[in-house]
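Presented sequentially are two complexes of chain A, the first with chain B as partner and the second with chain C.
Then we have the complex of A and B:
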């Protein structure tokens, strides 16, 4: 059944991305900021379309190439939200060459469209193609400051690791095809042969690179540090969460990790990821790098939900994913505001509370939320994920998660300490904050405070959409 | 020629590519090794399609898509290499060391 109507949001977004790209050739360079506006408005329109279609019953398109279910719609929502906010942030980012504004905005939209295909894919062919659409656009975005050697280097490392991981994953897919006879995702045999197991492990490794799980995380700090900061924000949120969505679809329901004895492997990677992320973050003096390691550690917490593999673990991952968008947008928006003036060293934060108290407070809330301190939203998310581990009898995962959260407080507080207890280094004048950064900050504060104090609507929404169409 | 022959060739290609990615120092060399890994998957797909599952077209379709996507990926990689070569004057990965923590 060819059911292209189901793909309406993705098709509209791709069409608008092409329109932005074409408009770039027509518009004079002085008007290039219009293109960012056009881009974020188109992403917002598609977001509205997806939100309106949330209640739509689950259905399949074109045989079983993709499914439109509430689980996929939920992750499309988080992706589009991140994309809108990152495009708003790039309006206030000065270092982007204005000559190529349309290319930048269009690539961001293409990447978003790829992520939307990815979260609804139910066939490894579509998974591969959409993952490549995301990766190839992100490689260019990460290297967008062409004359900045750091941006070049970050993009090159990102590219080499990304292409390498794609190759590994594709080899896994080819073995999967040999073992099963199709690239569709369908429940596999009860007793898998060695070829199927090898295929599943290789595919998992490929996804692990994209979600920056240890020990496949080496590219992340370099790519995050080199990339323009709106792109860093995007990379740390959207592709990571969408990769988790695919991982959940593949390993959560179709090939339950427990059934295939992969649960110990996933749990081990989860603990390794959060430990490596947190303990390397201790020694960072560049904020972007510190946040890169922080986001690696966050991926470790999310992976607990996958290692548990129960419906509650699934809900925990979705809940935490949604909150993660708000927390990370807040942290990166403040970092961008600070970094535009004083660079991205930790000392740029010295005495921020005396210069702009509002920014310092937002940053503090978001950092505490990332560390998982009640009553902020991050605490709710972690509570949900850790209790799913306890419920399933995997106490060691919960213990590792809690210990890591405690350890992470140390490096999050290094920033807070600098903001509140140090004298401003240069001048004490208030920070100049662009109007669009406020957009990101508003979402962050609303999400972190509101859902921390009153999480019921979010929990209800998540449990209503935690249904996968197998 | 049986399936095992093809699979052996594919596995060897994959391992040679993997070895190359891990040991090559020049970006062009790494790109070539990655191509070997992609093509190992293509050989696998074509062989499985011919010997095990000749009824459908899923395997060959995927192989065609992989060829296309790999070409697009290399184009972006070479563009990035041009940019970095213009700024740093080198194509060796050990010289890319501005970013460290």
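Then we have the complex of A and C:
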């Protein structure tokens, strides 16, 4: 059964993305900011559609290559939310060339649409096609600052690594087809042959590239450093979380990692990812790179939920994913405000508390939340994920998780140290902050504080959404 | 009642955040009002506290996160109520001491009040998640208070304090989660867990205890986890050293008695031989380290290690006398060491040095100061008639029946304690007057307002310890009776 109606939000978003692209040709360059507005409103409208559809059972069901369930809808919401916020942040980003505003906005929307297809995919062909849609638009976005050599370098590395991992994934998919006889993702034989196992591992590694799991993370710091910062923000949130959605779908329910003996591998990658992320972050002096390693480490925590594989682990990943959007938006929005004036070196943060105390406090709260210090939302997310590990008796995952959280405080507080303990290097006047950055900060602070103090609505929402259709 | 005590400082902090930073006096007034509300409410709570029962009093219970069965439960008994009062009291004293802070006043009082809320919450919380949240809530303000307003090595001291204590408390978190999943139905409620723990096997209890102990021991600080303390105490500004010594260290001992002993008694019993050894090391080694210091503040910091050893000694005795002694010792140490830090701060403000050998004959020039300092030192080294003696004596008395030779060795520690305090008194206040300090003034009114109330309490508890002991007694008997 085709059931194309299930994909209505994705189709509308793709159509709107094309409309933005066409509008770029019609509008005079002086009006190019309209295109950003058009883009974020499009994403917001689709977000509203997805939210409204939650209450309608008819919005869920199984199609030929796709399946729409409340789990997928949840991740579509996080993707769209991130997309709206990043487009808003782009409005306050000066370094973007105004000539290509339409291209930029449309590529963001295409990337978002690709991620939405990805979380609904129930067939490896759709998985691959949507991943390529995401990847190709992100390659262009990462290299958008054409005159900046770092942007070019980052985009090039991103592209080469991406092509490499796509090849691995395609190889995995072909092995899968050979083993099962179809590309449909459906529960396989109880006793898998070596070919199927190899296929599953290769496909996992392909996903690992997108989610920047160690050892497939090498592209991330360079791409993050070079990309325009709204794109960095987007890359650090949306593709990562959507990839986790499809990882959970494939390795959480269809081919449960425990049943296929992959649990140890997933656990190992999880510990490796957070350790590599945290300990490499110690030595970074560029904030974008530091945050890139931070987001690698965060992926490691998320992966604990998958390695555990219980319903609580699944809910933990969803909970943490949602909170992750808020805290990362906050951190990157402040970095954007600071970086536009003083560059992205750590020293740009010197004495921020004396210049703009509010901004420094927001940054501190978001960093503390990333480190998992109560009473902020990040703590609740980590509490849930570590709980799932303890519940399942996988203590070493929880121990690795908490030790890494302690280590992460060290580099997060290198920024705090500079904001509060150093004297401002420049004149010490308050930082100029654009109105849209304020919007992003408001969302971040509201999320980080409210869900930290009262996480119940979010937990209830996650438990209600944690249903996957076969 | 307890919610008012706990949240009043935080409300004050939020109000301060909204005030413009130029209005220093308004900010100070707001901070005082908030802390005073807390103190008044805790005095009222003590006044209506029923001393005859061991049950939790002033209990407030709300559902917080139903999905995880996390509740907002506050309550106090004889173990926690003296500490709540101590916290509220010492916070007001430290606020008076903070009036000397001149830079970034707004931020200072904001963090201070957040810290106070966290500390009060730790002693009032009866749900493990709530407890953990409050426990961690003290870390961040302390980081900033040391790191911004501290001494020369403040940044390093701040991050070392933060990372050190955090690495301990995350293991506590794992233990909390472990007992949550062990209990049926899953609960974080301390009182429920204390009832159900008897069904758990010893191996599990020992593992969980070690997790708890690791978190608490760093806070106490128990040897060998004490290395953060001298640095943090010395680098912190005076009022914050007072809070660190008077309240933050108590969180560790309180947690050990309430949680580690209450929830995993078998693990606790298994650990006793190690605990008594650690207590002895804390006492003797702490005293010897203090003796080797030339910096007065560092000496007082090491004397805290020594005094916390007495608390551990009393606890390890597993007797009502020892437990009561430990609780009383916490209160007394808070008051006495708080006063010591304030007094060291007084001389540092004038001389900008704390080197013991830099002074001499100060008693001639500063009679009031010398008198108060001498009295506080005597109280700290356990002179009969002053508060420190009663509690230290009770700790020894409680521990002796169970641990004869360890207690004997510890008593020798008292001699070392006396030695370093007397040596300091002699070098600073007696002997030939160092003419370099000819222009030094005696204590100002603000400094007297800080120290005199503490001195009065020291004498009061030294002469009439029945009042605090009655408060503690019923609970301790109940704790050991089960």
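One rule holds in what follows: the second predicted complex is superposed on the first by the 463 of 470 C-alpha atoms of A that agree within 3 Å, B and C clash if a C-alpha of one lies under 4 Å from a C-alpha of the other, contacts with A are read in each partner's own complex, and residues count from 1 in each chain.
One rule holds in what follows: a contact is a pair of C-beta atoms (placed from the backbone, for glycine too) under 8 Å apart; a residue touches a chain by one contact, two chains touch by 3 or more.
Predicted model only: the values in this text are computed from it and were never measured.
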Exercise for review: Could you look at A:18 and tell me whether it touches chain B, chain C, both or neither (first, second, both, neither)?
Suggested key: neither
Practice item. Scan A:420 for contacts with chain B and chain C and give back first, second, both or neither. Key: second
Exercise for review: Give one of first, second, both or neither to describe whether A:48 is in contact with chain B, with chain C, with both, or with none.
Suggested key: neither
Review point. If you stack the two complexes on chain A, which partner ends up touching A:174: first (chain B), second (chain C), both, or neither?
Key: first
Check your understanding: First (chain B), second (chain C), both or neither: which does A:399 touch?
Key -> second
**Study point:** Contacts of A:390 with chain B and chain C, given as first, second, both or neither
**Key:** second
Practice item. Figure out whether A:460 sits in contact with chain B (first) or chain C (second), or with both, or with neither. Key: second
Point to revise | chain B versus chain C, judged by how many residues of chain A each one touches | key: B
Check your understanding: Just chain B (first), just chain C (second), both, or neither: which does A:154 touch?
Key -> first
Revision key, fill the gap. Counting only contacts in the complex, chain A reaches chain C at residues 353-354, 357, 364, 368, 373-375, 379, 383-384, 386-387, 390-391, 395, 398-399, 402-403, 405-406, 409-410, 413, 417, 420-421, 454-456, 459-460, 463
Review point. In the complex of these two chains, what residues of chain A are touching chain B?
Key: 124-125, 128-129, 132, 135-136, 139-140, 143, 146-150, 152-157, 159-160, 163-164, 166-168, 170-171, 173-175, 177-178, 181-183, 221-222, 225-226, 280, 283-286, 289
**Study point:** Complex interface listing, chain B residues touching chain A
**Key:** 10, 14, 17, 21, 27, 30-31, 34, 37-38, 40-42, 44-45, 48-49, 52-53, 56, 58-59, 61-62, 65-66, 69, 72-73, 76-77, 79-81, 83-84, 87-88, 93, 96, 98-99, 101
Revision key, fill the gap. Residue positions on chain C within touch of chain A in the complex are 21, 64-68, 104, 107, 129, 132-133, 136-137, 139-140, 143-144, 147-148, 154-155, 158-159, 162-163, 166-167, 170-171, 173-174, 177-178, 180-181
